[in-house]
Amino acid sequence: MFLGKVIGSVWATQKEEGMDNLKLMIVQPLDLRERESGQTVIAADRIGAGVGEKVIVSRGSPARILFSGKQVPVDAMIVGIVDSYEIGIEPE
Amino acid sequence: MFLGKVIGSVWATQKEEGMDNLKLMIVQPLDLRERESGQTVIAADRIGAGVGEKVIVSRGSPARILFSGKQVPVDAMIVGIVDSYEIGIEPE
Amino acid sequence: MFLGKVIGSVWATQKEEGMDNLKLMIVQPLDLRERESGQTVIAADRIGAGVGEKVIVSRGSPARILFSGKQVPVDAMIVGIVDSYEIGIEPE
Amino acid sequence: MFLGKVIGSVWATQKEEGMDNLKLMIVQPLDLRERESGQTVIAADRIGAGVGEKVIVSRGSPARILFSGKQVPVDAMIVGIVDSYEIGIEPE
Amino acid sequence: MFLGKVIGSVWATQKEEGMDNLKLMIVQPLDLRERESGQTVIAADRIGAGVGEKVIVSRGSPARILFSGKQVPVDAMIVGIVDSYEIGIEPE
């Protein structure tokens, strides 16, 4: 998973099977100094993440497992809203 | 998923099993300032995305789930045509 | 998928189960100006791609689906030989 | 897999199905000179890795196989705590 | 797959289920001029690859298929020891 910040949302009317009723958020990966780090990801959200919140995002096939048995072509999910994190040692 | 813009299409006569009757588009990933960001991706399209349109692309095993039960070796799908998106806070 | 050019081939006698009788090609990803873009990939080929040809390569679990039911640990396949491609708008 | 160092941990109360009772660690990938190399990863840990320890992290669908049969959307796992490693030849 | 050179090995006593009796090698990806290219990967080896040898490495879910039916969380495998490779045309 990676640490990111929700910075926006995206809407699409014309979409593939299985993409209905999904809230799609734009997430900016952050490094540990909370600076922008890497390309933004569009992730589905079912746990109520809001703009400005820090989140944990899972990607690929594991993200899709939450819809197992359904043909939902989602490759990124917000799986947690971060309460806090602690860095025990400085990254080198 | 990632945000991209459809910039072209590609044709292949000689192809693998399961690649017939697929419309293959060339998608340029965009950053939030809508600048070119990262390498282009060839994605299959079943929802009528046209050149110049902004789209949502899903990759990897989740993209293939739309063809489950069939041997379609597609690792990227256009899953939505973007109506609009909103950035609530500036990327840092 | 990505657009690449076949630039060579590789041979291995000592190999894992499921790797027998596979033609392994070295593919250089190309950008839209057909310049070298990113690291080369070793992809299996069953459709007769030759050195110098432009190809479409699929990666990951979707590439392996062509061998479903068999233990073939292949993570990249040439899935099409490019006849032509058209860029409708310039990448930004 | 990749070699990393555990540098911290992260907590989330609001989370997806299957994310309960998971210890989530922040892992910094290291290069062979043990310098910071690439973005940090949030990986689940079930083997007792502590801050400061060097670990082996597996990603993607193989990381999730440890929870097979359950809907756990985890895309990275700490799969080993490194006792030692040996570089036989210098990276070129 | 990618072309790499085995440069070392790694040991872990404390490890996840399914990681027993696996020989874990450190592989440095190479470019076609055989220079260091990208981050090292820890790959499992069952075909006897030694330090200094050039190998083909498969990643992700296809690497794990060799252990299908078992909960082995391995995301990279050495699938071939390179005898030779031939570059028919220069990378551009």
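Note that the chains take the letters A, B, C, D and E in the order they are written out, and that residue 1 is the start of every chain.
Heads up, the rule we're going with is that a residue touches a chain if its C-beta (ideal position, glycine included) is under 8 Å from a C-beta of that chain, and two chains touch if they have at least 3 such contacts.
Predicted model only: the values in this text are computed from it and were never measured.
Common neighbours of subunit B and subunit D under the contact definition above: A.
A separation of 18 Å divides the Cα centre of subunit D from that of subunit E. Rounded to a whole number, the gap between the C-alpha centres of subunit C and subunit D is 30 angstrom. For subunit A, residues touching at least two other chains, in rising order: 60-61, 63.
One closed ring of touching chains is present, and its order from subunit A going to subunit D first is A, D, E, C, B.
Across the complex, subunit A meets subunit D through its residues 1-3, 29, 31-32, 37-38, 46-48, 56, 58-63, 65-66, 68, 77-92. Looking at the complex, you find that subunit D touches subunit A at residues 5-19, 24, 26, 28, 30, 34-36, 39-43, 51-52, 60-61, 63-64, 71-76.
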